[in-house]
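Below you'll find the structures, each written out as structure tokens.
Both complexes below contain subunit A, partnered by subunit B and then by subunit C.
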Partner chain A sequence: MRPILMKGHERPLTFLKYNRDGDLLFSCAKDHNPTVWFADNGERLGTYEGHNDQTAKLWDVKTGKALYTFVFDSPARSVDFSVGDKLAVITTDPFIEKTSAIHVKRIAADIKDQTDESVLVMKGPRGRINRAVWGQLNKFIISAGEDAIVRMWDPLTGQEIMSSRDDDNHKKQITSLCLSTDGSHFLTGSLDKSAKLWDSRTLTLIKTYVTERPVNAVAVSPLLDHVVLGGGQDASAVTTTDHRAGKFEAKFYDKAS
Partner chain B sequence: MQNGIQNKVRWGELEEDDAEDLDFLLPPKQVIGPDENGIKKVIEYKFNDEGNKVKITTTTRVRKLAKAQLSKKAVERRSWLKFGDAVHEDVGARLTMVSTEEILLERPRAPGTKQEETKAAADNPFGKGGAVLMVCRTCGKKGDHWTSRCPYKDLAQPSEGFIDKPPTDGPAAPATATKGTYVPPSLRAGAERTGTDMRRRNEENSVRVTNLSEDTREADLHELFRPFGQITRVYVAIDQKTGLSRGFGFVNFANREDAERAINKLNGYGYDNLILRVEWATPRSS
Partner chain C sequence: MAMDIEATAARLGVDLSQVDWDSIRLPPGEDFGVVSDDDDLMEEETLEFDQGFGNIVVVDNLPQVPKEKFEKLETVIRKIYGQIGVIKEDGLWMPTDPATEKTLGYCFIEYNTPQEAELARDKTHGYKLDKSHIFAVNMFDDIEKFMKVPDEWAPPETKPYTPGENLQHWLTDAKARDQFVIRAGQDTEVLWNDARHLKPDPVYKRPFWTESFVQWSPLGTYLATIHRQGAAVWGGASTFNRLMRYAHPQVKLIDFSPGEKYLVTYSSHEPSNPRDTHRVVINIFDVRTGKVMRDFKGSADEFAVGGTGGLTGVSWPIFRWAGGRDDKYFARIGKNVVSVYETETFTLIDKKSIKVENVMDFSWSPTDPILALFVPELGNQPAKVSLYQIPSKEEIRQKNLFSVSDCKMYWQSTGEYLAVKVDRYTKTKKSTYTGFELFRIKERDIPIEVLELENKNDKIIAFAWEPKGHRFAVIHGDNPRPDISFYSMKTAHNTSRVSKLTTLKSKQANALYWSPSGKYLILAGLKGFNGQLEFYNVDELETMATAEHFMCTDIEWDPTGRYVATSVTSVHEMENGFNIWSFNGKLLYRILKDHFFQFSWRPRPPSFLSPEKEEEIAKNLKKYSKKYEAEDQDVSMLLSEQDREKRRLLKEEWESWVNKWKKYHEEEKLEREKLRDGEVSDEEEEYEAKEVEYEEILDVHEEIVSFDFEQ
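Moving on, here comes the complex of A and B:
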């Protein structure tokens, strides 16, 4: 297999996302320009320019225009639209004296009505919150991050509904979280060299996939019973160890067996 | 498919030049199907070079190819104007290219051998299903690295290689080396003890296969024995002069039980018109 390589970013990639039809691929990196590509041939459609620190931005996908900027007092880490796109969840990093937080913003139907006001702010977990996503029917928000605990929040009250049990928990920080297509379960990947499949209603651990490298990214196949784990040692450690120790392959696992 | 001559055209009644226009004499083309299995038959008649009427039946299977469904919106998005940096992109920028490196999808196990392989993977301390054939001959680690890349190569104890030899041999070799006389690389301190290691390896769960046909290659043997379990080595003896197979070979299994099952199953098995003889390889007497 000869994959298509897209080299638009100058800094390490942080996030990739397909649109629902799968014809567009959005990529984010540590440079400031999110980029959109045609998924079928890898042609670059455009770059979204004008991002600055400590903000989250709403963009017009088609023209690349920034529609609105949410300003925070610490770096924004992850974003996710709710089902129906009426709400968005944005997590912010701990910064100087601020603790990490999960913000819920209402997305106005008309951009003129958009406000910066948070519907809810949830605080509590220590360390960065690397991912926060909406659960089934927007009934809860699932978050995971540096404290290695998976938490579930009520998006109406802002209360923590439950968190994963101690014996089930990852041993090191959770780097990524991916909800299945139907939302019934989700996958977390961690630097403790494992990925875990959870029931998203009860937060019970369904399965653990053990691998021999820190897991940086996970994905659940929308069609097949597959999960993919991507990983490898931290980029900063590459120069200090043998190149063969890196283990940068992506691994496919059967979801169930 | 030519179904033979239907009837002979009487050439006497026709002029030679008219041959092209004789088609009106032929029955019309018939198309039958496609039926529920996708079989479609086309029956045509035509004149062959000798002027004989020939019936041609073409049977084809019609298959519907999976059609990629593109939503209307996705089609519309295809014609969107570029924006941002992409506007000024020159053709030579080559941001998008097909990888020059071939990326292989390694299958941890062949389909249909599920159970055995999972067992094998469990045996493997590294849990790396895809690399079960890797056995380092220097340090003996399975599935971690190839011999040539052994990180412990330099650490291989020089004494280990001399175990099989008379004790007097051991100190002799390094001693000569210091004097400056030639010492073969295989005897130098720190060298890979391939010679002795190979012999030891050969005796590990080794199965001898005899009465092989001359055409049998190592790949064939591997295919034949693979279903029984993890194989670490396959060897077919080749005659140095003629380059032909000498009719026997060895297969090493990672697990003794797998080897035993292979022997039970394949001893007396008909392979390439010959009856195979499969047995435990007797340790080589030196």
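Moving on, here comes the complex of A and C:
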């Protein structure tokens, strides 16, 4: 297997996502220009230009046209569409005096009807909320972030339905969260050097994967019983230690053991 | 607990808010079924020295003077006591008789700190002001104690004998395992090294067991812990009980005598006058009774090791013990003297120190009462290394050395050889080169041999004797990758000459770790070499294995020489923890622990077997080991069986969980379709990349083209 190197961003990458078919790869970076690539050959298909701070934008994948801009009063951190694409959940960071929040927006079938209005805004967790995703049949929103607690919210009432138990919790900030393909379980990665697999109906802890370094990113294999943890030391410590001590590696674990 | 009290109070009609809790006194020995969990705490508190009047001394036997001479006497006293410490403002009080206005012949002096007061007592008790006035100085706090002493002697009570625990029970482990202690985070833990099961087996764990470090006694009987109030030792047959405590406020360092009869403790205290040097307090305790056998107090300068370049600070241990298990002698170095004490009376041998002009360093033979001293060059006098027999203090051997810049002494573990590494100046004095003086201590007249490296300019990076053996290893060289040479003090054809066995070229090593039973050696590349390990067999002169424990900071062989522990302590941020290896370099298991501070094997006392018996066992090892090999086999079979079983169960559990979900997922299929407005997108197909040619007419443009007919 030969790696395909895709060059195009001018600032560090923040997020990668394949489309459902797997033929397109979308990349985001701090340079404000989301880019789409052919997954097969790494050829750049186009960029989505015109993004700015403290907003979430809805784009037309095909034409690259910005359809709508949701404006927030603090930086937007993550987005996720519900099953059926009728709703989107967007998290925003704590900023100056604003606390972090989870916003639910209705995505109109016709862009002419799209409004900026949030269906719901949920607040409560302290610190940044790094991810919020839709749970089973859009009945939940699952969030995780700096306070190290996994929470489930009711997207109709905005109430917190449940949160992970104290003994199960991560000990440090949760950096990433990834849902399995069928939505039955999800994986969280944390700076406490572990990743945890949770049941997405009951929020029971299924497995804990202990590693030797802070976990920055996690992924669940869509086909096999594998999970992948990517990690390394804090960026601030990189220059102070030998490159091998940093251990920037991806580790594969068998889900079951 | 509080609920119980409230309920009981309500039943008895007691208004709790009216109760003065402090006035309640329980009958002695009664706790009404309430077990206090702060017993330990309260006990420890009583140990803290009383802040009351600990800083006041009473000076008796002063002259009784009339009013006119009061001021003069006061000046004299102030001069004597002001030298020792800072007397508090209004801290000198000399009472007078109101009738005669004469002084009463005593006074009180209050210092800033109890340490100064104690020093004043120690230094001036017995001070001769003149023939008829010899000072009697006491601590103010002690006066009350002395008053209580009954005038008549009563025989001490004889306590019935209570048998103690077997403190060496760990040696009787049926699996012949060894123990080790680790400190990580707030926990200190003792574990068995269960190499068969490839994991440690817990023995005892306690959070906040010590305030700084822990230390095994040399024969492994005790584990010492360090606290604000003093040191303590722990041990026992099945667990770790506190066996004895040694009060020494702010103790910083400890050292056991080799036979673990005595414990030396050290503390250093800020002077109240910042211009003074630190005050040093050293106590020597009897380990079993807890009694202070001797104490030493003074300024840090008095305990600093002398040297040509002035004081080099206190180097621990200040008192070094003579070898052997009988703990008979200990010694320290001072300015131009070496003071040797014996433990019968805890005083200097012959009541005087050995005078050696300019002495810089000394060391004991590990087995015999022989002292080796190093004296550097001074004026016309050459440098020398001398051996002294104790207690006769007779110089039994001396070697003069010229152009010496430094010397370091290395004793072989059974006291047979002494190697002195001598750094000498070259003729130009610009650089130094190194050679060795090898003493054969057990031979008649102690012959000395000189060994120089083939390349005289090579720097010596490390030197180590083979324990119980006759070989040594040297890391030398100027290159980034140094060489390692092995020498023997006796080879088959040359029994009384040193000879080289081999040299290994360009190794990534800077430290040597011999197995305690000899024969095997780890060539370690620590620090700059990032934790390279080479397991080397010196009998066969071959490498058994090479490995790496990345960033490894510490290496320690177990006392039997069967296993090695390598650890990364908290000097590094990442990968803290330890690895256990077999003697031949096979990684057995690896434990990661954040904030890992210390790893220490529990030492074993020397074997009771005679060398002949040991040799006999070594010869018939095959016969003896059969039984153990069979056991090993069984355990490893069982382990892999258990491991497979565990995996199978995990797999099954996971599959049943997945299947349950699949069912739900199937059931919810319709709901999902509804959410997607009837789109069926559950079934996934692989996408196909198709190339589609797509033509679009952008523009149609007509243009008249002129023809040229001249072909």
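Here is the rule we go by: the second predicted complex is superposed on the first by the 256 of 257 C-alpha atoms of A that agree within 3 Å, B and C clash if a C-alpha of one lies under 4 Å from a C-alpha of the other, contacts with A are read in each partner's own complex, and residues count from 1 in each chain.
Criterion: a residue touches a chain if its C-beta (ideal position, glycine included) is under 8 Å from a C-beta of that chain, and two chains touch if they have at least 3 such contacts.
Computed from a predicted structure; not experimentally measured.
Superposition model on subunit A: subunit B and subunit C are shown in a clashing arrangement. In the superposition on chain A, no contact is made by A:Thr55 with either subunit B or subunit C. Residue contacts after overlaying the shared chain place A:Asn33 against subunit B, while subunit C stays out of touching range.
With both structures placed on the common chain, the touch criterion links A:Gln114 to neither subunit B nor subunit C. By the touch criterion stated above, A:Lys255 is placed in contact with subunit C alone, subunit B being left untouched.
In the superposed model, A:Ile206 makes contact with subunit C only, not with subunit B. Legend: residue contacts after superposition of the two complexes on their common chain; A:Thr63 is shown touching subunit B, with no touch to subunit C. Once chain A of one complex is fitted onto chain A of the other, the partner contacts of A:Pro3 are limited to subunit B, with no touch recorded for subunit C. Looking at the shared chain after the overlay, A:Asn138 reaches subunit C, while subunit B stays out of its contact range.
Looking at the shared chain after the overlay, A:Leu45 reaches subunit B, while subunit C stays out of its contact range. After superposing the two complexes on chain A, the stretch of subunit B that clashes with subunit C is 166-174, out of 94-102, 166-174, 238-246 or 274-282. Shared contact residues of subunit A with subunit B and subunit C: 21-23, 212, 242, 244. Per the touch definition, subunit A reaches subunit B in the complex via residues 1-8, 21-24, 33, 35, 37-38, 41-49, 62-64, 210, 212, 242, 244. Taken together, the subunit B residues at the contact with subunit A in this complex read 70-71, 73-74, 77-78, 80, 82-87, 89, 94-105, 126-128, 145, 149, 151.
Residues of subunit C touching subunit A in their complex: 530, 550-551, 572-575, 592, 647, 650-651, 653-655, 657-658, 661-662, 664-665, 668, 671-672, 675-677, 681, 687, 689.
Of all the residues in subunit A, the ones that touch subunit C in their complex are 20-23, 40, 82-86, 136-138, 182-185, 199, 201, 206, 212-213, 225, 233, 237, 241-242, 244-247, 255-257.
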